[in-house]
Amino acid sequence: MEEFLSKINENFINTDVEFETINIKVDSSQWVETHQKLKDEFDLKFFSWLSAIDWDNEVSIGEAPKESVSPSFEIITCLSNVSNNNLVTVSTTISKLEPKITSLVEIYAGANWHEREAYEMFGINFENHPNLEKLYLPDGYEGNPMLKSFELISREVKPWPGEVDVEGMPEEPESDESVDG
Amino acid sequence: MIVQPVLVTAAALFSLGIYGILVRRNAVMVLLSIELILNAVNINFIIFDSMLADSLMQGQIFTIFIITIAAAEVGIGLAIVLMLFRNRQTANINEFDLMKW
Amino acid sequence: MVNTLDPQNFNNFSEASVSVEIETEDMTLNIGPQHPSTHGVLRLVAKVDGEKVYDVKPVLGYMHRGYEKLAEVRSYPQITTLVNRIDWVAGFSNEIPFIAGAERLMEIEVPERAKHIRLILTEMARISSHFVFNGAYALEVGALTPIFYAMEDRERVLDLIESVTGGRFHPNFNRIGGVKPAAGSGPTTKKDIQDLPAGFYRDTKVAMQKVIEAADQFQNLIGGNEVFKKRTKNVGILTAETAEAFGVSGPILRASGVKSDLRTLTDYLPYDQFEYDIPVGENGDCYDRWDVRVKEMVESAKIVLQAIDSMPSGPLQAKVPKVIKVPKGRTYVRAENPKGEMGYYIVSDGGLGPYRLKVRTASFSNISILPLLLEGALLPDLIAIMGSLDFVLGDVDR
Amino acid sequence: MEIYEIVTYFTLLLLLFSAARVVTTSNVIHAAISLVFTLALTATLFLLLSTQFVALVLVLVYIGAVIVLFLFGIMITRAPLGKNAELDNDKNKLIGATISGAIFLLFSYILINGFDGEIVITSGSSTELLGEILLSRFVFPFEIVSFVLLAALIGGITLARKDEALVDEDQV
Amino acid sequence: MTDVLVKVGFLALAALNGAIIFTIMDVKGASWMQRRPGPLHVGLRGFIFPLAEILKFVQKEDIIPTEVDRPVFKWAPAYVMVSCVALFAVVPMSPTLVVADLELGIFFALAISSLGTIGVLTAGWSSANKYSLMGGLRAAGQLIAYELPLILAVVGVVIQAETMSLVGIVEKQIEWGVPFVVGGQVVGFLIFMVAATAEMMRVPFDMPIGESELTMGFMTEYSGIRFLIFYISEYMNMFILCAIASTLFLGGYHVPLLPTEWVNFYGPVVLLTKTAILGFILVAVRWSQPRFREDQLQNLAWKILIPASLINILVTAVMKVGF
Amino acid sequence: MISYFQDYVTIAAVLGFGLFLVVLLLGVASVLRPNKPYAEKLQTYECGVDPVGSGWSQTYVRYYIFGLLFVIFDVEAVFIFPWAINLEKLGYFGLIEMFVFIFILLIGLIYAIRKDVLKWE
């Protein structure tokens, strides 16, 4: 572990360790190279997951971050090794105005579905992705649900899809808290 | 029982088969029509066998051979139709106008 | 930002989900969402030529419940209820990594006894999940009887879980800092013995013995069956390399010959105190995947028996504040669940609930291998391979 | 033998009807099923003419095997479900009817004039005897048949296989 | 004429009762093997449950999808039913208690049973459903592949008995003193039973129905009464094939050492007992085996059963002529 | 009526009974059953989604080859049965005859197996 950490520190600048997890912050232009390196040189062959965080001060649901952040997407991948407990998360920040990043499918085949999920949930474009399509959401679904600006009270926007509504539509829009708990 | 009605029916079956061969466009249907013709022949053999009632049962034996050969014929015939279909994507005999492709 | 209504994308998608007539030689077969062996509502759009499958496209989302979104507006104790329902076959296991993550961020030291109880119940959840797999898989390859045996044997384990937690599928038993006092205990003054119901140790010992017997029975009844072997051996071979690249974990990864178990690699529960084997397969085919799970049941039973014997006494709960607020920070806690690696990436901004909760579920990654495994398989193999991955739709769609 | 003749004529009538359906229906599967009925009625006719073994051979080989082969053929050549307008060559209909009608008239004339006899069935013809004759007097054709069947088998396999290979190259 | 009606009435009783008895046996056998109660609440501890089943299906709506080829779809079950019922005609309960002792008895049975193939194939085709089509093709492929071992296994018996009449075959076994299964047709019997299981489309050969793969195969679109017809036919077929197997190989209505004068009295009981024993074996196999894969099934038929049955014929013939 | 016809009339009656049973069941059901069709109910089953493409498709030629093999061996069986009941009379001559016959057809089966037409992969 120690040895691994020092090797990581030699190769990457922006690293920190939090609860036995090594976080590497990279620039989005370094995204693919970093992963290639981690896979080849650090033997992190197990692709655990990829996801994103929508950093935004103006949130429609939940609580806003305690301190103000610059609106951006943070993309995180988690890599590990199946035979030891080396666990690395790689994160990068991309602009919300032009959310795109190179796909990792070439390196980790398993990134395919995770990227598709991030694409539909956040609207992040993964370049060179073989088939960047929706994964979960039905045809014609509008919007990216995991954005902080996306209203959770979706039933006010769209009617219940079935023939019979399980319960009546709310007469007038309720406040976020009362609907969401 | 008088044999003539049976014979006429066999003749009718035969000519229906001919009609089918001439009119049908689908190769499988043509093969079906050929079966009708063979069936007409079978009926004739059997009726003559019953008429003659010979000790050799030649009518029946010939019918069995015809059925055998018909089975082989259908097997090969359909195999050819399938091959044509695979090459031409159709079972329409009007399209099969080339000897070689 | 790309609008998802972009005509380009939209067209691609509709082609994928085959809402257009396809003028090809081949038959496009929809397997699912309402199909007897898709474990719920998975849909596979398979292109088949006769019996041969040469392209498969899984269509997910029929059970997408948006847990990650919901978690953003709920407090930590409320989320425990949510995560229960992710992999409902092993509900208890889902709570562990989440609770452990929150505890880690809050820097709470959980009492040993609570950890042991968690461990026992997790292993029981694993056993019950593998029981379900055993029965369902046999059903999928056409044997109709084993599922009744499996369900009957699972009942004993579920009864035990119920006697402790009060719930069979969704126990909601973990609390940040420990576990809830057991359901059947009732009000009593002796705090340290009220946690587990009376006779729990005895019943568990009997039940675990039965589990070991049942696993043995499965080895004979299913594993020894020539037809079953013919159906599963050398079918759907998955190499270790591909498995790792796709993030396939758990018994499926181990069946491919990788001796990897998060129970030994990480310390979310005190597994290092017990002795157990990690069963590993050889070929990575369907039979191995089945075999590994059956053997795992025995190992889990052994762990439970050991844990019962070495159960420490002490409190069930660490001291926690009345209002649970998790300090700012982020952590990823992963656990070896019955289906594979399950983890929660918690990003806390110091509030009542997480700012972002990423749920990494095992089945999601596990079934992303399906298109690869199914290429060129025969239709019956498709079912056999799909079944051997042992996924739960709640675990896929979240 | 009143009932016997009524039954026979009725069989003949149905036979004609179902045979006509084979060549006139515009649904491919219906044609094949009509052929099943034609053959079943032919088998009935054979039974009425006391040749039970041949009748059962007809059922076993034709209905049990050849028709199944036809159905496979129809399915493989992707016959559409339901009515098929393209099935018939309409411009041939008249000429076909003329030719087949002429053949029918000619044959009927010859057969009616040429043969005049009465059949009295006293018992079913013996299968044992049939087998004995088949395997003693007709032993040479019998062995030849095996070669014919072998040739058909190998030919059929070769044809069907060859085109499978073509498909592999072209389409898959 | 009354004679014929009596015989048909007797047959109706045998066919329907056979189907019902075998349904109960299958279901109760299942519950016994699966350690569960099984049907309990309908009448006599669940033993009249098949009647309730029939009543249930009769009351169900018969849904015919719009896409289907209606006449073909509607009558496809009839072929299967008719071919099953017709098989009952030739099985003797005793030398005299037989509906029709044909000279070509077993040959007739084999010929008429091939009618069912057309039923399943047209059922699968006309449903206009992919699962049905695949199921129908599988069913037809399976039925024809296993029809051959079935036919060829019978030839061994016919060689030994020198007759195709089923009564004649049983009489020959009485004459020999032992059933044919002891007298040299063990292989033939095994082949016959395997092929018969496949003909019934029961586990482990149930891939045309293969509920976990093809949902219900060629029966997917069938509901209500038409499904019931397939369902009854399945059990009738099971009953009658077991009865034919006991007649051909196990000595039919006679057991050695019993006086042949009394055969009319104990014949039916003996035959039914033998049939039930064979049926029970099939039930046990059904509830304890997974299903084969389609290619394994075909391989078993063409590469093992058919060559084996041909060799069985030749060996039997050599024994017959040589000794 | 001679016994030959007696037998086959009975067979015809049995076939008639089979058909009668079907018609009876259908008739009873048509009286008792409800009939409330609507478009969704009458849709072809395809696992809960709208059916895609045509309901049938080109099938494997493999099934055709099975059918062909079956036809050939079925015909063979037709010849075997008359032989089987006459074996005693025909003696060694018949035995050799059938040996040749079966052998020639076995060549066909071996050819089919060797050509891998029975293989699925």
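The first chain written gets the first letter, and so on, giving A, B, C, D, E and F; residue counts start at 1 in each chain.
Definition applied: a residue touches a chain if its C-beta (ideal position, glycine included) is under 8 Å from a C-beta of that chain, and two chains touch if they have at least 3 such contacts.
Note that the structure is a prediction, hence the values are computed from the model and not measured.
Asker: Upon omission of chain C, how do the remaining chains partition into touching groups?
Answerer: A | B, D, E, F
Asker: As a test of understanding: of all chains, whose mean C-alpha position lies farthest from that of chain D?
Answerer: Between chain D and the rest, the longest centre separation is with A.
Asker: Pick the pair with more C-beta contacts: C-E or B-D?
Answerer: Per the contact counts, B-D leads.
Asker: Average the CA atoms of each chain to get its centre, and name the chain whose centre is farthest from that of chain F.
Answerer: The chain farthest from chain F, judged by C-alpha centres, is A.
Asker: Between chain B and chain C, what distance separates the C-alpha centroids? Give it in angstrom.
Answerer: Whole-Å distance between the two chain centres: 63.
Asker: Round to the nearest whole Å and give the separation of the Cα centres of chain B and chain F.
Answerer: 20
Asker: Between chain E and chain F, what is the gap in Å from one C-alpha centre to the other?
Answerer: Centre-to-centre distance between chain E and chain F: 14 Å.
Asker: Can you give the whole-Å distance between the Cα centres of chain A and chain C?
Answerer: About 22 Å separates the centre of chain A from that of chain C.
Asker: Mark out which residues of chain E touch at least two other chains, giving numbers and ranges.
Answerer: In chain E, the residues touching two or more other chains are 67, 102, 107-108, 125, 128, 130-131, 133, 137, 140, 144, 147, 164, 215, 294-295.
Asker: Give the residues of chain C touching no fewer than two other chains, as numbers and ranges.
Answerer: Within chain C, residues 19, 25, 27, 35, 49, 51, 378 contact more than one other chain.
Asker: Two or more other chains touching the same residue: where does that happen in chain D?
Answerer: Those would be 4, 50, 52-53, 57, 60-61, 64-66, 68-69, 72-73, 75-76, 81, 121, 124, 127, 130, 134, 145, 149, 152-153, 156, 160, 163.
Asker: With touch defined as at the start, can you tell me which chain D residues reach chain E in the complex?
Answerer: Within the complex, chain D contacts chain E at residues 27, 29-30, 33, 36, 52-53, 56-57, 59-60, 63-65, 67-68, 71-72, 75, 81-82, 124, 126-127.
Asker: Which residues of chain C touch chain A in their complex?
Answerer: Touching chain A: residues 1-2, 4-5, 9-10, 12-14, 16-17, 19, 60-61, 64, 66, 68-70, 72-74, 78, 104, 241-242, 244-249, 253, 258-260, 265-266, 328-332, 334, 341, 343, 345, 347, 349-353, 355-356, 358, 360, 364-365, 368, 372, 397 of chain C.
Asker: Quick check on the complex: what are the chain F residues that touch chain D?
Answerer: It comes out as residues 2-5, 8, 55-59, 61, 63-65, 67-72, 74-79, 81-83, 85-86, 89-90, 93-94, 97, 100-101, 104-105, 107-108, 111-112, 115, 117.
Asker: Given the complex with chain D, which residues does chain E contribute to the contact?
Answerer: Chain E residues touching chain D: 67-69, 71-72, 102-104, 107-108, 110-112, 114-115, 117-118, 121-122, 125-126, 128, 133, 137, 140, 144, 147, 164.
Asker: Please name which positions on chain F make contact with chain B in the complex.
Answerer: 61, 64, 68, 71-72, 74-75, 78-79
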